Amino acid sequence: MQLNYNRIAGQSLERLAALSDGIFAIAMTLLVFDLRLTINPYQAAQFNFLTTNPYPLWIRPDLQFQYERVFWDSIIAFAPHLLVYLMSFLTLGIFWLGQQTQLSQFERSDRDLTWMHLIFLFGVSMLPFSTRLLAENMNFRSALIVYWLNLLLLGVMLYRSMRYAWNAQLVKATTTPDMSTATTRRIENYQILYAFGMLLCIVSINWSIVFIVLVQLNAAIAPRVRWLGGL
Amino acid sequence: MQLNYNRIAGQSLERLAALSDGIFAIAMTLLVFDLRLTINPYQAAQFNFLTTNPYPLWIRPDLQFQYERVFWDSIIAFAPHLLVYLMSFLTLGIFWLGQQTQLSQFERSDRDLTWMHLIFLFGVSMLPFSTRLLAENMNFRSALIVYWLNLLLLGVMLYRSMRYAWNAQLVKATTTPDMSTATTRRIENYQILYAFGMLLCIVSINWSIVFIVLVQLNAAIAPRVRWLGGL
Amino acid sequence: MQLNYNRIAGQSLERLAALSDGIFAIAMTLLVFDLRLTINPYQAAQFNFLTTNPYPLWIRPDLQFQYERVFWDSIIAFAPHLLVYLMSFLTLGIFWLGQQTQLSQFERSDRDLTWMHLIFLFGVSMLPFSTRLLAENMNFRSALIVYWLNLLLLGVMLYRSMRYAWNAQLVKATTTPDMSTATTRRIENYQILYAFGMLLCIVSINWSIVFIVLVQLNAAIAPRVRWLGGL
Amino acid sequence: MQLNYNRIAGQSLERLAALSDGIFAIAMTLLVFDLRLTINPYQAAQFNFLTTNPYPLWIRPDLQFQYERVFWDSIIAFAPHLLVYLMSFLTLGIFWLGQQTQLSQFERSDRDLTWMHLIFLFGVSMLPFSTRLLAENMNFRSALIVYWLNLLLLGVMLYRSMRYAWNAQLVKATTTPDMSTATTRRIENYQILYAFGMLLCIVSINWSIVFIVLVQLNAAIAPRVRWLGGL
């Protein structure tokens, strides 16, 4: 009888971790790299004489501060974009931590577990895409739904991976049922919060985004308040 | 007699694995990052009043749903592109798994084996290029042929690497002939399927793409059906 | 009582190191990749006959050298941009070294320390953005302030990470108080220099940039002169 | 007396290797990702009826082959670019192998050695830039000189790193003087060849590029011919 390739494939947790770190690192960096601030050239052109004769700040500081305001106006107009990107960076950090915690509880991998994580990583690599989609189309509720589907995919795959590893006895001997439950409960809680945040878009997309940012900040900061930190 | 540099070069499997994970991670992420959806601005402009006065969903839901349809129309028009990108993500996942499985069977590397894998990685780094070529030129049969040549290069290099490592006795003591054969047979089977898929373009390029996507899905899902999973 | 997810999350220093290396590697490469030199086409067009009939250099060398000057003129006009990018590459190198040195002194990590480093990495991924912002808006003092805030964020997070790890007893047994102090004093010294460099923009932005480049070169070269190398 | 930060910084070879793998992986992939083939739309438009009514290949194959030629014409016009990119991929492979071989001979690192490699990595991250500069300005001898300076920087830093590590006794006990000499001799030989290739641009830039490609192919293939393989 022939040996099936699928029985010997994908057993290295180290390689999976290295691929994951690479994909997370790129997604986190591309996210930010995508940001391009443009200064209004018409506004800036009025102060041309300042830049062709660079004066120290104490010569006509009133004009120079007016000039700098052109810059800050662009930053402020840009702020909602920045908020969406911050939300995605937090999201990537949270899910990276989640996957790291899980992999550290596994003893070894197999082909099916590896593919679950590859689909999870597909979701990670989609996040810069759905972030840009949302940032560029913040008046479409559907853009938020695509973003939420992305969050859902990430959660579902981590959840299934934990359950599968537990059932297929791929976890370490030191991994207790408590730890497995803490992991899956955590995912359930946050996915409920994301779904609620998404539904807020019935009222207003801005409320949705602010709510999800607060949820992600809570996950990142982990306040010592019991009911928040224990989510 | 002088010591030849080529005899001491390229012996680290760890470094090769790390470089490979990096290149796969970037190729997978760039693939998706390349996707840019643009909403039809003329269609969207008709609903301008909705976005300047953001109403909750229950005020004129009929209009608001019409507005959201502008978004989904763009997504649907974009779907063939998405299919090509999904195919490439699956391809990268499959070949990453294939290379990982092989490297885990090797004891050490040498200069020639390392260069085989560098050429393999060149194929990997070409995949975002040939994917974009195909997605942008889906009415050229030649674009599909370039894509297929890319798949062929990946398969040939993995095949040669396994054979070379076996003959040069670079494999681990625990690697049986069975395992080596399972690896090479797997490559043969899939390359035959890819070649058949490519030939389908004689009839229609769409058939080719759908066929190759199905082949890749089969490799990823590995159904328990014997004749499919055992490919 | 339920086990809190936050108590088991983020304990792997290896994963944190791998993610960091990935993010630094991408930031360093994207920085340079962003550079695009364009040759003045009008100037080049005057020498069209040279490129349509490619002569060896000894035929009309006077004309050919004039032609090459078109290229070097573009490079020289591009030089201030290059300086900003060099400054950022040095910055990334310095902070990579700083973080590497710190992580090598830690025994293990916890959730809070991991998040400190994730925020540090957010600063790293922001650096290509603030570098581009500065290179494209070198006549805005505010662009320099944004850049400096980026440097400050990096310093503050590394500083807090060292203090936190020391207090939470996450450091190795071989890490002496001396080593911890050397690390934090180093950060203090350089942050004071950065702040001074930033304030120089009151006189002129160019002075600020040149000063910060010199500071970074000092950190990279570490001259044997005592008062400079000991900073 | 205070402990100097510089005496405890940058001792991890693993981190240096991981950062290097990351930077090489990105440089290799961005290189290819930068390639964008555009099909001549006027030529393609003549065959519009073929793509709006996609016929199988056996209906009017003469017309369909003419149509496919539009694609191949673009590929052929693109070929010189591809050659430059192939040259750069080979270059990156060769220097990655060179650095890997060196690091595998080192026992540990120190601050100065780490900075030598950071400057080496700066050269690596510059290569996509100088490759694009050359590919877009193949009629400027100066673009080739910039490219060559990039190769020179890579060679010089690897050379200095080997000499420094030997003198500072950072090499492993198993690293013989033979091995150190093989490494430095290798660099000398190839740098002489690169310099000769660069000088060929006095006659013609195309000769230079073809010569350097042949040199890099020789390094990659390592033919069994003694005087070539022993370079």
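Order of writing sets the labels: A, B, C and D. Residues in every chain begin at 1.
Heads up, the rule we're going with is that a residue touches a chain if its C-beta (ideal position, glycine included) is under 8 Å from a C-beta of that chain, and two chains touch if they have at least 3 such contacts.
What you see is a predicted model, and the numbers here were worked out from it, not measured in a lab.
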| item | value |
| --- | --- |
| Distance-maximising chain from chain C - centres being C-alpha averages | B |
| Same or different contact residues where chain B meets its copy chain A, judged by the half mark | different |
| Approximate Å spacing (C-alpha centroids) for the pair chain A, chain B | 24 |
| Centroid distance [mean C-alpha coordinates] between chain C and chain B, Å | 33 |
| Multi-partner residues of chain C (at least 2 other chains) | 18, 21-22, 25-26, 30 |
| Chain D residues within the chain B interface of the complex | 17-18, 21-22, 24-26, 28-33, 35-37, 39, 50-51, 54, 56-58, 64, 67-68, 70-72, 75, 89, 93, 96-98, 100-101, 103-104, 178-179, 181-183, 185-186, 220-222, 229-230 |
| Chain A residues within the chain B interface of the complex | 2-6, 8-12, 14-15, 18-19, 21-23, 25-27, 30, 111-112, 114-115, 118, 121-122, 125-126, 128-129, 132-133, 137, 139-143, 146, 201-206 |
